[in-house]
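Letters A, B and C name the chains as they come in the text, with residue numbers starting at 1 for each one.
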Amino acid sequence: MENNQIAQMKAVLEAALLTSAMPLSLDDMSRLFPERIERATLRMLLDELTQDWQQRQPVSMRLVQVASGWRFQASEELVPFLARLSPDRPQRYSRALLETLAIIAYRQPVTRGDIEELRGVAVNPNTIRQLIERDWIDVVGQREVPGRPSLYATTKTFLDDLNLKSLADLPPFESFVQQPEFALGVAQPESQSTLPMDIQE
Amino acid sequence: MSNQSLPLTEAPQIEARIHGEKWTQLPQDLYIPPDALEVYLDAFEGPLDLLLYLIRKHNLDILDIPMAQLTQQYMDYVEHMRVEKLELAADYLLMSAMLIEIKSRMLLPKPTLVAEEDDPRAELVRRLLEYEAIKLAAERLDQMPQVGVDIMVAQAYLDKVSEQKPPQVSLDDLIDAWQNVLKRASHFAHHKVGRAELSVREHMSQIMRQLKGASMLEFTALFDIVNDGIPKLVVCFLAILELAREGLISLTQQGAYSPIYVQLN
Amino acid sequence: MENNQIAQMKAVLEAALLTSAMPLSLDDMSRLFPERIERATLRMLLDELTQDWQQRQPVSMRLVQVASGWRFQASEELVPFLARLSPDRPQRYSRALLETLAIIAYRQPVTRGDIEELRGVAVNPNTIRQLIERDWIDVVGQREVPGRPSLYATTKTFLDDLNLKSLADLPPFESFVQQPEFALGVAQPESQSTLPMDIQE
């Protein structure tokens, strides 16, 4: 490819990434160009873009890869400045919602019943609705038991919003289990498959 | 980002360390003034949460829970709740029953060989440990940087307006819509809209447009006698009559054989 | 101001402008910084930023001033590329809009009240606005009743866009009529046509 062609493609990619409300996948990006474009070429251009932005001093934006693709985001050091623009910060979520989210993230796919069992209390339907509206979880199927309860799983948006490429980037569930060894013979990793969790991509 | 120490959240949660290791912060005492109970209950996410709190607060060994002590403390709490807010206590009462059951099973004479799995507390401990892990995982999720809070994503402006085509409407769409209207409006069951009437209605609109441009027009100016055939002239005349009937225009004539003027009302 | 301080402020401004969904006013931008900042300083920084982006070849984004402030927008030359990302999926008008349009077409000139009476529900002002913006209907007068409501009629553009020579080309609705008689007594069709329409030349 000629240099000015590369420069043009980089400009197109840059503008697309800076104006898109959602991360762009390689497939999305290949649609930008009328001619066929190799994924390797795209990756090379993305690498160059990443470096171009890194070389500016100070860095204002970074090109990062998240679960559903690539996006530009403000450099972390600048976030305290940008936060001054919107003093009404989004509200923190309730513990009930966060625990429900944690269960869905680490044990997916799960039913409401599973969540209630784990938390020992009834799940407020609002909690599930809030998570669905945020597009952090969705229904991926039904469990084939009486009542065919919905099975919930986390979405790509959840990963994107937490700056993760995949569920494997979540801190491992074992790190939260207080007892490295389980007395009383419960929850042995090999014997009891439910604990600790083992998240695979 | 996995192995940072786990920060504390608000009271009454406490540092999650067991087996002799001291917590860094002691929660407030068990006693709660009755009027504060509701607030206090909100601090617990359920019976497992409360049990965990009691275990940590009293430095009980989670792997060797003194069931009598824990059950007693738990029941004290639930009694408070039951007195103050019965409907909240349902999940908690279920747990009371479970604790009492475990306690009583432990009082039974043990067979000589006890498999560890047979410890009546095993299931409770498993649930507590698992719930505690979920709690910590939830805290961790809460601390992770989030788009919109700690992560600002580029969303610069792209003028796509010119690229967007307005929706297309076909004649069929329009007819379907009209049929729907007619179907719903039962009082129009006998209404007729013929092709002829449509021409009249079209002329009505045209005449109104003409009159909008000029405040008053001579009656004859509304007709193109040279170019329009008889049918069209008739339709135009009917349109004027219909407009007059609907009170949208008025026709005035000073005297017999003087010009007729048409104007919008 | 020192050079590195200027560079830092420019980076903050750039990141703020690129991550804001709305144009930023000078007031907005001054809130980014803890210390007081002169408007003249902000304008100077914005000028520099504008030039920085203009100097890149090819230009991907432009910093422009619009009514409510400043924003970055994709360079016009790149819009044809970016438009490929979101191919206009065929949008559809709502049923309410189509019914309103049909009523205006068949019963013109009509007021909003007439439409509401026929549809049995209130007409969303947006619907009328959309049709006017599309140049499919316009106001041809007012009815002389209290409130002097506007009378709507279809336009020539409407006929053009639907490929009709005149409203008379719209299918008649004898099929809804129990006795095919014509109110105004003209132009009796030779036969009763049924839907779908019979358009005669």
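Assume contacts are C-beta pairs under 8 Å (C-beta built on N, C-alpha and C of every residue); 3 or more make two chains touch, one makes a residue touch a chain.
None of the values given here were measured: they were computed from a predicted structure.
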Name the chain whose C-alpha centroid is farthest from the C-alpha centroid of chain B. C
Chain nearest the overall C-alpha centroid of the shown protein atoms: B
Need the CA-centroid distance for the pair chain A / chain C, whole Å please. 35
Just curious, how far off is chain B from chain A if you go by their C-alpha centres, in Å? 22
Cα centre of chain B to Cα centre of chain C, whole Å, reads 27
Where in chain C do residues touch two or more other chains at once? 15, 18-20, 61, 72-74, 82
Find every residue in chain B that makes contact with two or more other chains and list them. 152-158
Chain B residues within the chain A interface of the complex: 1-3, 6, 9, 16-18, 45-49, 62-64, 91, 95, 115-117, 119, 121-123, 125-127, 129-142, 144-158
Could you list, by residue number, the parts of chain C that touch chain B in their complex? 15, 17-21, 23, 61, 71-74, 76, 79, 82-83, 86, 88, 90-93, 95, 98-99, 101-103, 105-109, 118-120, 134, 140-144, 151, 153-154, 161-164, 166-168, 170-174, 176-178, 180-189, 195-197, 200
The answer for chain A against chain C in the complex is residues 7-8, 10-12, 14-16, 18-20, 24, 28, 31-34, 56-61, 72-75, 78, 81-82, 84-85
Quick check: in the complex, which residue numbers of chain B touch chain C? 152-160, 162-182, 184-185, 188-202, 204-205, 208-209, 211-212, 231, 234-235, 238, 242, 246-248, 264-265
